[in-house]
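Note that chain A is present in both complexes that follow, paired respectively with chain B and with chain C.
Now for the complex of A and B:
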């Protein structure tokens, strides 16, 4: 039955989403359908997670020919890299459907479409197929922000859409370049990532193509300085769209780098690693400092999310197993902490119609359960030991210090900024004097508590028993790093022999 | 037998055109019947073309009329696109002319004559017959553009198009004469043989082929001969514009590709020239399109950009093993998207096409969600967003460009499609993100609506089952 599990996970939400968009369904029914579908996907996701053996290869593979003349296949598979991203994309969706009741059916339809497309992008092992899903997943977000967003939604939508489409079209050019290079070197067409990693690219075009890929993913992550669409986009988007963007879509950017850029562009990647890891640290600092200054809670979380994406990206660029495993672990930790914080802010907004930090206060006295949950997610986000965030950040910092002690030092100290803005915000919103605006704040209902309890448990569980997750990631991470260091070392040695000054200059 | 078969679709369409011309003398037959008849003939011809063209052989017949016409897979595919365009134009015309009543029976007859010229053009491998085909096509199109005699804009359009088109025709004949002087023949085979003998293009041949390229560049609205297209598309009735934008471009590009692919010497002689033209066409078209407020003018300008992409495909074609599959696929993908939008405009723009600007379509999604969704699909296809036909077309073109080492062109093509996102998204934003101020009553018959949704299906069908010929 699980032979076609991935296809089902992709196309069930897409078909259901299209049906919701095309058929006249009532709001409640649409939400119920969405919830049921997402729960079904969740169960398949759990099954895949438990059934995943972690032997550093692709599992649940599907392979059908799509465009034979160009070697494009409908190829799906899951390995240690994509597993946790997949988990993030499946575990968190039922919450969105169960928490927010006020949206129209079009919104729920788009949400399902987004889920299907994202799972498609995560599971695709063919570059063209990946690109197709990668583009499709933007469309529902475009409509969700544009139709259901806040006051300044139009500029925000346009900025986000043009920015990301520009990035992905550049990536299209780059991936076709990779495909044609493969055709030149091996005499046949293939866009399969396993084949493409055999490619040896060099010269100016390879660097250009590498940068095009990186720009596309950097925009999605978003990596400093490609983050400017993020504050507006995250703030204006309806909360569930923000949640999707921050908890899952941003991770697909990181995932794309690990899955597609590292195996194909080993040499360019090692060459530019220092630069990109510095960008990651710069993003952490800049967005963290910006978060301190924000008055709007959602905007503050937007910057905080960007800041944390910086550390995840840093883990990818450090080129060692600890950092890579840490990044993969942090992907789901970040989704469950920062992503869930967005949902909490959405709940507050629904109840109070207000997100202004200064006008809030004393919520903890009115809603102790809500405050507790919020605190746990927030502490996980700042990386308190015993929560999921600690494990990920610890591994990344460890890897960063191994990579370069300077960058490790910078990253480690920057984490303090995160603690600053989070705790200060928490103090102002949840403690201090209770204000009139928050007097009527109702605590979580039983339904909402039941929705959030699994995530809260997951946060703590991942913090205390990280091994059950790490053991699935590490074999693939090791293999990945082994591959890249083997190729790049031999290559760097070559260039050094031929042109001694060259390597130093590049670094 | 075979040569007759390969011409059968052409004969069917001609028969239909003549029949309609005769029927127009009877008062009893009305315009609706005429559109049904033309749909029928287009449908039959399309089916016949499909049956003949689906065979495994690449060249179906290359000696029709002593080598003047060559039927191969490329010409078959281009012919299919043209016949499909004719069919859907009749469909949208059926609704459009219910509201805008300036149509007579001859309209459909002339449109079918135009299609005859186009199909002949896809087959032509000889300059005189190509010229005849171009003139059959152009004369018919001139009439179609100015069909609404009461409309000042249409009269302006026809005058512009006729004058400039006449110049282009003159250039073509001039070129033919020069080439005949140089090569001693007007057949592509003979010209190619003459080129192979010398191994380079002689000055006389260079001049002749330059004139022919000028005429063709005019027909496909490439830079710097693109200025006419905006006003002409704007002035013509929506179904006619759709027909011109798709079928005419297909026919012209078919001849263009056949002419360039005649042999390697010819192609490599013009590559650099076409390289710069492709870049200028793409970016010039984009600059024009970004400034437009009227949807038809925007589509005209975006048509220029698409000509630029097709020029990339022409630069990157391989004259040794020319199959034309990339060009034919892109033409088909472009045709379904453009025809779809014009079919939707046919029933949405109302009497006298009063809804024509971006702002007029504000809030369409609130009133007609399905129509708005269909237009969105067409726009996304033209913008090249997966999983639509337009994406696959762009993918093939960029792949072929990389494969022939035209990296600059491929990258610039991508940059140009980033620019074009702006005006495609603009219409989507107007339709979805604003409140409706108009009631958008749909007049006319539901046929155009049905045609629009059939084309939505085609957009996905072509994309997901890409039959690369």
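Now for the complex of A and C:
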């Protein structure tokens, strides 16, 4: 039965989403259908996670020829790198359907489409297939923000869309370059990632293609300074779309770098690692500092999310297994903490129609359960030991120190920066005197508590028993790092012995 | 040879479970009818008392082993492991952690009991005990952890709890700000800890990242890295143990309920830094230069906060500065490689400072939350038990023989002299005099003379036994704990030092008996002078002075808070708003703006050609056709 598990996970939500968009169903029914579908996906996701053996290769592989003349395949698979991203994309969706009750049918339909496309992008092992899902992923987001967003949604949507499409086109060009290079070197077409990693690229074109890929992913992550679509995009998007963007879609950007850029462009990657790790750290500090000045809770969280993404990206560029595994772990940790914080803000918005930090206050006295849950997610986001946030952050900082003491030190400042804006916000929203605006705030209902308890337990459970996650990703991470260091070492040997830039095959 | 002891994990787990149960009960009921206080207080005291009981079991278990074999360990599970990094959720009881364990759980339990009375009637009674349990559980993890990462769990845990407890009365913004300050300043220290740990791991951690493995691999540590590791870890210790420049959070932390001050600022959290340095004695012994820096920072902190302490008028602030000052002594001790002396001072200090804080709590309780010592006076008759116990605490703090503080402080000062640091010794003796002065200034103003606020005095009364009994027990500890480490000069055997010896890497400096006697007499003289001045000035009903000159400067704590605010906090906020108002819309977005601009310009450029007249398009067609025919004719030829 699990032979087609991944295909089911991709196409069940896509078909259901399309049906919802086409058929006249009530919005209650649409929400119920969406919830059921997402729960089904959740169970398949759990099965895949538990059944994943954690040896370094691909599992749950599906392989069908799609465009034989160009060597394009419908190829799916999951390994240690994609596993936790997949978990993030499956575990959290039911919450969205369960929390947001007031949306329309089209909204729920788009949400399902987004989930299917994202799972497709995560599971694809063929570069063209990945690109297709990558593009489809953007469409529902476009509609969700453009139709259901806040007051200034249209400029935000336009900016986000043009930004992302620009990135996508760069990626398309780079992708064609990679494909033709493969054809040149091996005399046949293939976009399979395992084949492509055998490529040896060199020279100016390779650098250009590498940078084009990186810009496309950097926009999605978003990596400083390509993050400027984010504050408006995250703030104007309906909160559930913000959740999808920050908890999952941003991670697919990081995932893309690990999955497609590292194996193909090992040499360029090593050469530019310092630059990109500096960008990651700069983004962390810049967005973290910007967060403290925000007056809108959602906008503050948007900057906070961008700040954490900087750290996650840093882990990828540090070229050691601790930092890489830390990033992969942090992907899911960040999805559970910041993602859930976005959902909480969405809840507050539905109840109070207000996100202005200064006009709130004293929520903790009205809603102790809500305040406690919010506090746990917040503490995970600042990386307190005992929560999921600590493990990833610690591994990344540890790895960064190995990579460069200076960058490691800068990365460490996230410990302080994060806590400053979070505590100050928490103080003004949850403590102090309660104000008129919050007098009517109702605590979580039993249904809502049941919705959030699993993810709160996950946050704590991942902090105490991270090994059950780490042991599944370690072999793949080890293999990746080994591949980079082998190639970059042989490259060093090459350049010293032979002419630099010589386009010879790998031994 | 290590021995396994499964019950070690239970010691922190019991209070943590208590915290979870109480916290859930409170959370689910706090908006409705509150549950009975008895339920909460019973649940809250079970965990700490059982932990104390098991701490005793650990102690006797260790005592029955040969001194060099005194290790009990328990590995609960592999916490995380990637590549060479392997971190277990493991616990280690050796003489050092066992000593810490006993007094932390003992004093923690007493403070829980005391709080039953002190917090009675508070609307957040349950929440208070949940936090208190969580705090004690974290502290026990800190002490029992078998490696730096597990220690860090407790380290951050106590930081979190201090935040929660300091800002306990959340309706008042100042309290929350004090909590934020504590958490953020602690986090700055934690940054040092994390970086120190990382360097340590890459240097010698691949053979196992727990204390015992690290100790075995210390010889691989290069002096440069070792120095960096020591200093970075010390930054962490400065944050947690309130040393220069990170001491600023502790005095503000007095915003919390008084039992919290006793727990956090006497027995547990603030001593964590000293414990950490002693725990890593194998590294600090490797790099003596780092130790000297630690000692100097410590003694200067002691001096600075003693100066501040002399001018405060809030009874809790006086005690807060005395804590910072005593912590300075402890760092002077561990910095000079007199680890056992430093830890012994941690031990005695836990008793007398918890006693003084709880005593101050009784006074505050009796006077309905009056904390200004210039509004007290003559309370000796109204509160005899509190007076007697606090007097013992004050004598111990001042370092009067034969009370416990004398022996532990004297041991530190003696090792400063014997290890060739007369400067540290001299400052230490001066601070001893100042300590005696401000402690007895407080005692005289609160308990002697005539009442300054007659109405408050009339209503004052001794608190209930649930609060006085812990005071009496602590007073006994404050008076006699010094006997445990009696030096040879008094016919003692330095039992605590001998007990700690297997856990520490230290060498005792040798000095003649005369040096020891000289050091002792000097500090006694300083104490006598301090108490005498305080007696002359304050015992006969002095009036509140108006501070001028240096005293005003001291009362305002040299304006350090204001300076930090101007140098760090305000610029931080300014940078934040600068980024979000100026940079984000104008500078960072430049590449987007630029491409839009180019796009628009191109559009405008081409617009010139699109004029809309048929005749113009006809000309374009003619030009196009001519060019085409020209090229075609070229290619045919």
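Worth a mention:
Keep in mind that, in the parts below, the second predicted complex is superposed on the first by the 494 of 507 C-alpha atoms of A that agree within 3 Å, B and C clash if a C-alpha of one lies under 4 Å from a C-alpha of the other, contacts with A are read in each partner's own complex, and residues count from 1 in each chain.
Criterion: contacts are C-beta pairs under 8 Å (C-beta built on N, C-alpha and C of every residue); 3 or more make two chains touch, one makes a residue touch a chain.
It should be emphasised that the depicted structure is a prediction, and the values quoted were computed from it without experimental measurement.
Of the two partner chains, chain B is the only one that A:136 touches; chain C does not reach it. Comparing chain B with chain C, the partner in contact with more residues of chain A is C. When both complexes are overlaid on chain A, the residue A:183 reaches chain B alone and has no touch with chain C.
Contacts of A:161 after superposition: chain B is touched, whereas chain C is not reached.
Contact with chain B, but none with chain C, is seen for A:170 once the two complexes are overlaid on the shared chain. Look at A:290: by the touch rule set out above, it reaches chain C but stays clear of chain B. When the two complexes are overlaid on their common chain A, residue A:128 makes contact with chain B while staying clear of chain C.
In the superposition on chain A, contact of A:486 is made with neither chain B nor chain C.
On chain B, the positions that touch chain A within their shared complex are 370, 373, 380, 384-387, 391, 394-396, 398-399, 402-403, 407, 410-411, 413-415, 417-418, 421-422, 425, 429, 432-433, 466, 468.
Listed in rising order, the residues of chain C touching chain A in the complex are 23, 26-28, 30-31, 77-83, 85, 89, 149, 152-153, 156-157, 160, 163, 167, 170-171, 173, 176-177, 179-180, 183-184, 187-188, 190-191, 194-195, 197-199, 201-202, 572-573, 575-577, 579-581, 583-584, 588-589, 591-592. Residues 21-22, 67, 69-70, 128, 131-132, 135-136, 139, 143, 146-147, 153-154, 157-158, 161-162, 165-166, 169-170, 172-173, 176-177, 179-180, 183, 205 of chain A are the ones touching chain B in the complex. Note for the complex: chain A touches chain C at residues 159, 163, 224-225, 227-229, 231, 286, 289-294, 303, 320-322, 325-326, 362, 364, 366, 368-369, 372, 379, 384-386, 390-391, 394-395, 397-398, 401-402, 405, 408-409, 412-413, 415-416, 419-421, 423-424, 427, 430-433, 443, 464-467, 470-471, 474, 477-478.
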